[in-house]
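Next, two complexes with subunit A in common: one pairs it with subunit B, the other with subunit C.
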Partner chain A sequence: MSMDETTSHTEPPAYFTRLAKRLEPTSDIVKKTLKSKDRIVHLLYLKSVVDIMQLQEIVVKPFYEMSADQNFAEYIFSLPYETKMPTGDEEVLIEITKGNVFVMIDKQITLLELKVVAANAVQEAIMEPTIHGPQLGLSESIETNINLMRQRYHKPSLIIEPIQLEDISNRDIALIYDGEKVKPHLLKKIRARILTLDVELVQASGDLQYYLNNKKYSLFPTSLLTERPDRILHNMAGGKVIILVDGSPHAIIAPTTFFDFMLSMEDAYYSFWVVTLIRFLRYAGLFTCIMLPAIYVGVTSYTPEVLRSELALTVAASRIGVPYPSFIEVFFMLIFIELLTEASMRLPNSISATATTVGGLILGTAAVEAALTSNIMVIVVSLVAISTFVIPISEMNYAVRVCRFLLLVYTTLFGIAGMMLGMLGLLLYLVNKDSFGEPYLRMFWKNRREELEADDS
Partner chain B sequence: MSRFVYFLLISNMIANLIASSPRILFGKSEEGAIVTMIIALFFGVFINWVLITFFKAFPGKSLPHILSLYLSKWIAIPTLFILGIVWYVSGMQTLITYIDILLRFITPEMSVYLIIAMFIPVITFGVIMQSRNILFTLELVFVLSFPVAAYYVVKLYFSEQVSWNHVAIAMTFIDNPPDYTVFSTVTYLFVGAFDIIIFNSLLKKKMTFGIKQALIIFILGAFAIFTTYFIPIGVLGFDQVESILYPWILTSDSIRMKFGVIERVIFIFLLLLLAIAFLNITIHWHVACKLFQSAFGIEQLKIKLREKISLGIVVVVFWSIAIYTTLKVTEYDLFLYSKYYFNSIPIILIGLMVLMLVVNRRAKV
Partner chain C sequence: MKFLSLSKWFLMVLCISGMLIQYGCAFKDIDKRLFVSAIGIDPAENVENGYKVTVKVALPFGAIKDSAKPSFAYLSREGHSIGEAIRMLETHIDKVLELGHMKTIIVHEKLLRNDMQTFMDYFIRRGDIQLISYVAGARPSAETILKVEPKTEAPASVALINFFGATANDSPYVVTTFLFQLRRDILADGINPVLPLIETNEKGDELIVNHSVVVDGREDPTVLSTIETKYFNSLLKNSTGLTYLVKKGSLELLLNISQSKMTYQFVSREGSEAPRAIDMHIVMKGIIGESNKDLSIAKLDEYNRLASKEVKQKILHFLIKMQEENLDPFGFGLHYRTTRLYTEDLFTAWQKAYPDIEFKVTVEVKLQGTGTIE
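Moving on, here comes the complex of A and B:
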């Protein structure tokens, strides 16, 4: 950059010095005074977050190229980069740390948003891949994400509402919704919930989601984390509120129902009967992975006569030599498969394939040969593991894995009737749950007016 | 009429399959069962008409609320108390019957304490839940179990085991004079909708009861009565059916699925009925709980903690009585007491309807 350094006889004003002092001794702070014959402009910014080329292009160059009779202040204030000037030193400083350039011309001050974000590349959707539909997910920059929304949803009623969280990182959070579709009381509730959060540090959408949940001990997620723009828009068009956190490639969707977690965006891109089949498979998978271990215990240890006699005999024959009751066998194998899943998730890709092979194939076969478990148990456990992955959203996936153990305990204690009652109990729990005041699980009949209001008791 | 009213009605009809009602009907099969069932069918539609017409005038208000508005405390509180007992006993009767069935057919080696322990957490959770969510659960369970139930009914009607000759024999006893016990037992099939004395506070939409609704209830009732009475006679034979303790379970057990993974239909039947019976108990106890709460004026207590304590007391009392009765009652007692209970139902219903008439007149003035 070619410009003169500040000379001693043009002292910056007191306000400017005070702000600069507050930011010191950080190394990336830049205090600049642009000076020509009759004009002085003071600039204060952090060079690590400001686009230097842009600054040069739109502030520094015009300053020296403009003739004396033109008003430089007018020019600066007419720039489209201006952000709203907050009141109070602290707020101004926060704006500067976000990448705004503080400009002072005589007694007039303004902030120019010339921020540069390194991590604004749009990432590929990894957690929720689809064959058709958009291949790219969100980025880690909130501006890019908002841009992605706007690119796909051209409507003046798309409202982006910034919220400043009272945590130490002063992260940008934005509520995004369709002003025409969203329910006002819902929006108010979510906004209030975010504003009353008392947390030290919000790092990403994930922990914000946990704090929003407002309950320490909860199993099922009441808001949904997604990385897919099409899922976000799908939900926004349904009147839901999207929460974006700067620096996180996931958006929070609230409120959610149980069925939102069972929806894959792929469903929108296929023909009706294909989607019906896939949905049927998915729900069958859900029931399988919750109930199958419990059914195995109930049927082998309590009421073998439920199965037709040939099958009952096959199961019993397969269990010959297994030295402990069925529930220990099931717990043992389930914990084994959970360990395997966890391990393969945390390991780098190249090693996880080996781990799965060793764990799944070799250990499974060996366990059967050593008569520590029955053949049928290995089939049951593999089936359970596979059907767990059919659930499209990973948070629901985790919750279901926990449920499976709870149901297993209930069945171990009370038999096959216990399994049925346990399932009903689970159903009661889910129906009794709410997500930001909206019922979590119920039958949603389309085109039917709300018949039941929430009761107050 | 809200769809939830039908759900309540149907759940009561189904839950009765396992209770003592079929046995009472078969006991009277040569003493006027059929003609009484026809009379009771019309009476059942009639009481539902009275009920809906009454509540039509008060959308979004439960019975305790209405009574407190239009009647003196001295009438309202005993009424609510008696209704609470009726509803509580109704749930308890289903509970005891089902525990008995579990002990006999599914897990005979299990101790009765363990079986009671199995019900306690789930039913308690259901009873203290919000009324709205109970209705949602009811709907969900209906949707989930509908395919299985439909399969079961089709399997029943087209089963080779059903001897329609025996059904025809049973029908020849149409000329016997009517019998009060049969009348009250069949009437009980129709009282499911009476749960709206509490749930009406959620049904904000104005209900209608025209020809269409009456016809639906009539057909549902006719189908339920026909199935409850004639199918076991067809399967088990007209002469033997009255000597069987649980005719419906034996009926289900005589049907098999030739190619199914589960061969005996009885297990599908029992687990399906467990779901319905469980919901029936939960709903009845929830209604009873709310009735007792308003009878004791707990609604007036604004403090949340006190409300919770009162709920806790009600639940503990409910379970103490239920556990004591379950342990004490023998199968014969259960049958006998159920009969007494059924016999009292028409009287209570008529009393309730007279009360509704009075309230309706006062409300109009």
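Moving on, here comes the complex of A and C:
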């Protein structure tokens, strides 16, 4: 290389300038030209997302330390940090914003992935805590999350498929599945659903899940949001697809059945009879929190002969002086308990305990003293509130909370028969529902071979 | 477009909440109901051929645990029929009379005849009265018995209910008869229903149930004594916890019978279908509960023999007494009717044969121990 050729290269080439212009006027842009007597390299990156130390170690230092007879370009292209070079200016710019370093040596260009992620710490599982299972959940960085998956699932058939969403944030989304177990048509369906999404901005797994649902007024979730790696792997091994969104500590599992939401990962870590008991409790809790307010109205106002005589008299006695009919009493108390739940969820941990105590104990007692509600009603509402939290997944928890209001309206109008009608309606709705083409209320009571045969037909 | 759908939503919510207020007449809060716990029926004093209906209403009390005494209200009304009287009673109170918890029907002793079916019909037809209600006779009158509030009665519960059905009291002296059973037995040929008879002490603060009444067509129904009630219960209902006193010379044994089983067969007269005798076999198992002498386990067979003989005599006595009165509380006739090929004069043949039928009773007492450890 002759001297005047190098000088002609001191000025950045047109392509480099064009890219840099597109990124301006942001302050964290760095255009750097490394120059030595016989070679010249142009670097373009955003310093806020690039690991400066690594850049120094890997690119800048060797540049000045390498002797003249060594080929610096060859060195750069052999680095393991290289990412695939996309076509088109726009895509290259997106890569740069993700934390890649654009390197131009003579006419050759490449991207080096030297990104630094601040929020890659693995978080503790808060929403689905277990006693015996793994204590840590996912992190907010997709790379760390993929790393977590790989660490726990050593199989060449684990496939990570990146998907670029057409929203304004250009967030990284990855489909993760076991290529041997997943059903191809299901995968196709989920991929198509994500690619056809027409949304402004996806912030986290939560809203992506909502958009995937495809229906505006839907009560029950058709995909499951989890923060537990063991739940992710449990479902992946069952042939389901996991969707990860960068920046979100939750993964989406699709498709799901109703019973997936009633499964706690704790179930896998205990012995059979213990799990049977816990599951029984959980389903009993489910029915209690859906039906108990309705049963209270139906029994006290339509068919008190269902109760034992002693209980009937106790209930009647506790209702003496309550001015409103039973269903208004129940609505009042249910809304009160919902407020309490919502408030304690939004408040910081230290205050929420106080709020619950003040609300639950003092207001409850005071409401009874003031004859606004009966004693029995306070018991019913507390029981409902407690049993709601037995449902392990919070989305199902919310859905069930809505259901009990519907059932309450039915019972108020038609008594116990109305309640059964409402339950039947709910059942019909669930039977009719599907999650990405899989029946929502599908029960897995056959053995594995029979299940497979049923799938084929 | 947005506004339209919003207003539609608003209308829908308005309509639904409007419906809630129209909850209709079936919706009655529990504190707007009065729970009748028992009904008493007496012959009317002022209405000819009428009835006097008394209801015992359990009043809900502020704090049930704090109230020492149960609180009841009593309402009485006379009428030509029970339904009429109850309808009129409803005009005497500010709340709905709720009969869903009515578990005991008490009938005056004088009304316990086969024709009681006509007035008991009301209870069968009313949907909210349970057919598993208990029916009992009352002496001296249903109203007096209803108004007895025993000291052992807990608040928010009715002592009358606890007596029957072995839920609380399972004494062999207490006969339990359900409403459906009474109707069935009255309408069936070949059986006489047996009702418990409730009495009270002189002070009127105790309920005593240890007699029973055999219902039949006659004016004065036959009352079974305490002992007869016990035999009836132990033989027919296999009641447990019986005691039998056996005497032999100076030896007195009190047997605690925990199991008793009666089986019987009809023995036909030669050449005809009509029964000549009833071959009855009774097995009783138990232990010796009390004795005035030292007992030895080796002599258990002897005690068995002794006890069998004594029990046999007492049962035979009871059976023959019923035969002489031409009553059939055990339902021998019903059993005969249902196990023979039907002919038109089947039941008349039985009726003719029953007064002369011979009882061949064998009793087998199987004592399982002397009640003590040697």
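Methods note: the second predicted complex is superposed on the first by the 437 of 457 C-alpha atoms of A that agree within 3 Å, B and C clash if a C-alpha of one lies under 4 Å from a C-alpha of the other, contacts with A are read in each partner's own complex, and residues count from 1 in each chain.
The rule is simple: a contact is a pair of C-beta atoms (placed from the backbone, for glycine too) under 8 Å apart; a residue touches a chain by one contact, two chains touch by 3 or more.
The shown structure was predicted, so the numbers you read here are calculated from the model rather than taken from an experiment.
K.L.:
After the overlay on subunit A, what do you see for subunit B versus subunit C, clash or fit?
P.N.:
In the superposition, subunit B and subunit C stay clear of each other.
K.L.:
How wide is the angle at subunit A between subunit B and subunit C, using CA centres, rounded to the nearest 10°?
P.N.:
Roughly 40 degrees separate the directions to subunit B and subunit C.
K.L.:
So in the superposed three-chain picture, is A:Arg442 touching just subunit B, just subunit C, both, or none of them (first/second/both/neither)?
P.N.:
Touch partner of A:Arg442: subunit B, not subunit C.
K.L.:
Of the two partner chains, subunit B (first) and subunit C (second), which one does A:Thr412 touch, if any: first, second, both, or neither?
P.N.:
Only subunit C is touched by A:Thr412; subunit B is not.
K.L.:
Tell me the contact category for A:Val315 with respect to subunit B and subunit C: first, second, both or neither.
P.N.:
second
K.L.:
May I ask you to decide whether A:Ala355 touches subunit B, subunit C, both, or neither, giving the answer as first, second, both or neither?
P.N.:
Neither partner.
K.L.:
With both complexes overlaid on chain A, does A:Glu305 touch subunit B (first), subunit C (second), both or neither?
P.N.:
both
K.L.:
State whether A:Ile94 touches subunit B only (first), subunit C only (second), both chains, or neither.
P.N.:
neither
K.L.:
Between subunit B and subunit C, which makes contact with more of the residues in subunit A?
P.N.:
In the superposed model, B touches more residues of subunit A.
K.L.:
On the A-aligned overlay, A:Leu428 touches which partner chain: subunit B = first, subunit C = second, or both, or neither?
P.N.:
After superposition on chain A, A:Leu428 lies in contact with subunit B alone.
K.L.:
Looking at the overlay, does A:Pro325 come into contact with subunit B only (first), subunit C only (second), both, or neither?
P.N.:
Only subunit C; A:Pro325 stays clear of subunit B.
K.L.:
Nearest approach of subunit B to subunit C by C-alpha atoms in the superposition, in Å, rounded to an integer.
P.N.:
Closest C-alpha pair between subunit B and subunit C: 5 Å.
K.L.:
Which residues of subunit A are in contact with subunit B in one complex and with subunit C in the other?
P.N.:
Touching subunit B and subunit C on subunit A: residues 302-303, 305, 309, 413, 415.
K.L.:
Using the touch rule from the top, collect the residues of subunit B that touch subunit A in their complex.
P.N.:
Within the complex, subunit B touches subunit A at residues 2-4, 60, 102, 106-107, 110, 114-115, 117-119, 121-122, 125-126, 129-133, 135-137, 139-141, 143, 201-205, 260-264, 267, 270-271, 274-275, 278-279.
K.L.:
Okay, in this complex, where on subunit C does subunit A touch?
P.N.:
Touching subunit A from subunit C are residues 16, 19-20, 23, 26-31, 33, 35, 37, 58, 60-64, 98, 100-101, 103, 128, 130, 156-158, 161.
K.L.:
Residues of subunit A touching subunit B in their complex?
P.N.:
Those residues of subunit A that touch subunit B are 302-303, 305-309, 311, 410, 413-418, 420-422, 424-425, 427-429, 431-432, 439, 441-443, 449, 451-455, 457.
K.L.:
Quick check on the complex: what are the subunit A residues that touch subunit C?
P.N.:
300-305, 309-310, 312-317, 319-320, 322, 325-327, 409, 412-413, 415
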